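Chain IDs A, B, C and D follow the sequence of writing; residue 1 opens each chain.
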Amino acid sequence: MSIYTQYYRNKENIGRLLVKCPDKPGIVAALSKFLFEHGADIMESSQYSSDDPSRMFYIRFEFYCEGLLSKRKQMEEDFQELAKNFKMDFTFTYNETKKRSAIFVSKEIHCLLELLWEWQSGDLETDIPLVISNHKEAQEIVESLGIPFYYIPANKDIRKEVEAKQVELMYKYKIDVIILARYMQILTPKFVEKFPNKIINIHHSFLPAFIGAHPYERAYERGVKLIGATSHYVTNDLDEGPIIDQDIERVDHRDNVPTLKKIGQQVERRVLARAVKWHLQDRIIVKDNKTIVFH
Amino acid sequence: MSIYTQYYRNKENIGRLLVKCPDKPGIVAALSKFLFEHGADIMESSQYSSDDPSRMFYIRFEFYCEGLLSKRKQMEEDFQELAKNFKMDFTFTYNETKKRSAIFVSKEIHCLLELLWEWQSGDLETDIPLVISNHKEAQEIVESLGIPFYYIPANKDIRKEVEAKQVELMYKYKIDVIILARYMQILTPKFVEKFPNKIINIHHSFLPAFIGAHPYERAYERGVKLIGATSHYVTNDLDEGPIIDQDIERVDHRDNVPTLKKIGQQVERRVLARAVKWHLQDRIIVKDNKTIVFH
Amino acid sequence: MSIYTQYYRNKENIGRLLVKCPDKPGIVAALSKFLFEHGADIMESSQYSSDDPSRMFYIRFEFYCEGLLSKRKQMEEDFQELAKNFKMDFTFTYNETKKRSAIFVSKEIHCLLELLWEWQSGDLETDIPLVISNHKEAQEIVESLGIPFYYIPANKDIRKEVEAKQVELMYKYKIDVIILARYMQILTPKFVEKFPNKIINIHHSFLPAFIGAHPYERAYERGVKLIGATSHYVTNDLDEGPIIDQDIERVDHRDNVPTLKKIGQQVERRVLARAVKWHLQDRIIVKDNKTIVFH
Amino acid sequence: MSIYTQYYRNKENIGRLLVKCPDKPGIVAALSKFLFEHGADIMESSQYSSDDPSRMFYIRFEFYCEGLLSKRKQMEEDFQELAKNFKMDFTFTYNETKKRSAIFVSKEIHCLLELLWEWQSGDLETDIPLVISNHKEAQEIVESLGIPFYYIPANKDIRKEVEAKQVELMYKYKIDVIILARYMQILTPKFVEKFPNKIINIHHSFLPAFIGAHPYERAYERGVKLIGATSHYVTNDLDEGPIIDQDIERVDHRDNVPTLKKIGQQVERRVLARAVKWHLQDRIIVKDNKTIVFH
């Protein structure tokens, strides 16, 4: 019986280890020795050495460890020493502990639908404790799936109160990741800094082109031959956060703003779904204002 | 024997008619009647009605006409009346009369090579009376193909004199289209206005992202996941002219500026080659700051 | 006010004319004259001359005609003479008369979901009077949208009776097009010949590779680096009917049969949705065993 | 100074280690310990565990080792013990030792041109001691680059003699890899078995569709909407060897055999060039009749 057959049998024995530390010889040897000695088989590993003066080293392991759930506490404790020696930032995550996602949406629900669909068919390993919207378009479909739907009207003038409510819900539901699935309200720095590298947005253009509002209108004006979408982590600089994924679709002179939007929706939903999936699998590391994505 | 078999036999009987006029009923009927009465079979036709207050109509015909070379003068004369009635701008072009292309290049010769290669294998129906460069990298390959190579060093301070020489050469060689195949000098408005919609440039980014200098460096800084290239007509607004074609390639966090450039070169050469091909086949109409491309 | 603005206002004034006839000079002139004289503005036209000894000519017009619904009967009558002169096969269709689609599905419902979604958001201009399935997976979602769901268990032994029921339903509901959205039962020649060029299937491979059963398993065995999907009209030769659209997605050595299926589903749903859309807009002409698709 | 800066400075210090062995715990730990103790920094590592009863494990390291050229002999000797313990098949290769490529070509030279071009611009790290052709189309360009060109006419009747000459040349020039860049002669089993997993072919279809002769003609007949190309290792089963890479381009009903060929050439040259590049970088492992490609 191979590891992979086991994998499909005992998903709760799968763990992941992400490490970031100054680059120096012997890191991989030390880490793989540690995993071996703790009975963890390496199923997948990806590494990256930064090509800049920071000289940082990044690695992600996915491992299989018989009886992981009972061993993991000890493993994390034992890791402290190694981490100290190499000045490592590290995170252990466990397949068994699903991340908890909150989806924010406004009127256009195509991205939400894609996420819900993948979630229903088992391709998005997450719990979705709630959906928040400043409109009611999504209510019926969300509630039909048994997910609580919070209708919180929003606008510039009541932003403070709205965000207070949202933050409270995030804490109440112990949310790990916030997905802005075409949520058309700007989040304040105060909100954003509470969830660093935990808010994923979909922007409807191939950034950095058409930053800000009305990208399809501006793409039409400029006469581009490709339209795109970009998923990224949200920072305080609007549409300037670390890019996770981008994709495009070909258009031509016959397209107008409505058809650009239709075509763009197809791109948006797949670009957001991929970013969310990678985030849930701990495949993304943020470095400065970029992402390292270990596919 | 079908028209298409004839087509491959007697290419000199192929002509094209491009028309632009205010949109109103009956244009297609009038034009196709005209062509029919002049013995011209329509091989291909494409039309576009502008979706804006200008209400303009655009159409391109490719036709086969037995004995075209002896008939064409009369055909053009006869067309005057129809053109007047419908207030048409129009152009007849003939397969037999190849457009004359001048290629401008600097140090990086990948785009030039692609064009020369397609030209050699018969896929670029043009004459290339000269190549102009401010560097000598391309000299050997160009001259080995029997094409005159003009080495004209250039920089900001001598721009005026350089352009005077270039303009003289354009006139001397009766150039129809100027292809900037990674020519890294800015052209002055004075030069540009002499060749409206006749200068094709390749910009090494998916415009409007990374307008101006060093797009790969800036793409690297921004951490994009796609890099692109854009072919466009040159206007006096740098990198703001009508876009003809765009394409992209996927990159990831392991790429640095040199690898982005390598990957980008593949995109640049195919995006420029397509634009040139369409221009030579009169498939492009410029409307405001956009292109209509009849593929 | 441009035609296109009108277009969005009065969709019932839009019609289409598809013509097939022996190629000879003057066809476009005659047709465009006819449309002009009947007050029909040509919004879009596409033509194709066959490149083989059959010498056939194909053309599709999309036109706008004020008061079309009251004029169309007369227009069709008047067209008879022209059609006779040029030996034309022709079809007039009207935007106002939506085609009626029946969707057949088995256990895997991703293609059905995509169609329902596009239909709900107004991108699939069709009526869906019923869904038929030999399984119950789709029942809930279909009925929640108010569409009758017919559960008709099927297998090799009762094929005759099953098809009899299905044909009866097709007639009862006046079905124009049958969409096999991953319907995993073979249709008999008797069924197929009742709906020539009216049954659209999605096959989960890039045909002609992996014709028949278990394409993902066989793709895995062969070690391909791309997997694809093909939408085609159904004929009596299994998976050999005229291809409408194909697309692919990149895979690698880490993929196994389950992940190939997941990736493939994304391709299948977009390839089927495109084919259905083009069929509904009368953009497809079947010629021998191929399709002409006027995008 | 980071490893990567060194990398660009001292390419001769780069080595690669490929290992294949039965899967069991501790392999990565043992290998990375070995490299660490021999002063080799891991720059890149990729692994794969087979998902079948064979339970094999595959890993590729790229490492930087100060003074590699003087140390490598000892390193290889020291590795014997480790290899024995884990029953490893392994290969060390060194950046400093360029692989030697022979290119075989017939009349169509587009794939050859692409390879020569990439080689000239430094993107294909190989020596090309000779080009062999059964036609003379490529002679001028090959010789202009200072590469010996061997014109060896070939046909079914003289296959034995032709291959004897070719084999002699392969040995004389110490050839590591044979690239069939549209070489239109069948190689006998006797030839093929002399160079296992060392002959790379480009087939002008997306295999397994259109195995054998005239794929474009058959693609045209079938009316496909995508055409493709496949690079693969040559085995004794025609077009059935392990696939390295595939890609496609979109076509439509207007394309005929000559235009399909033109479009296909663009795909062929990039698919072959990628496969050759990966082979030269030891990124490909053949497993049964498939490839593992560590991008």
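Note that contacts are C-beta pairs under 8 Å (C-beta built on N, C-alpha and C of every residue); 3 or more make two chains touch, one makes a residue touch a chain.
Since the structure is predicted, the reported quantities are computational estimates derived from the model, not experimental observations.
Under the contact definition stated at the top, the chains bordering both subunit B and subunit C are A, D.
On a Cα centroid basis, the chain most remote from subunit B in this structure is A.
The distance from the centre of subunit A to the centre of subunit B, each centre being the mean of the chain's C-alpha atoms, comes to 42 Å. The geometric centre of subunit A is 36 Å away from that of subunit D, both derived from CA atoms. Residues of subunit C in contact with two or more other chains: 4, 51. For subunit A in complex with subunit C, the touching residues are 110, 113, 117, 121, 123, 144, 256, 262, 266, 270.
Taken in their complex, subunit A has these residues touching subunit B: 48, 51, 206-210, 222-226, 228, 242-248, 252-254, 256, 287, 289-293, 295. Subunit A contributes residues 2-4, 23, 25-26, 28-29, 32-33, 35-36, 39, 41-47, 49-53, 55 to its touches with subunit D in the complex.
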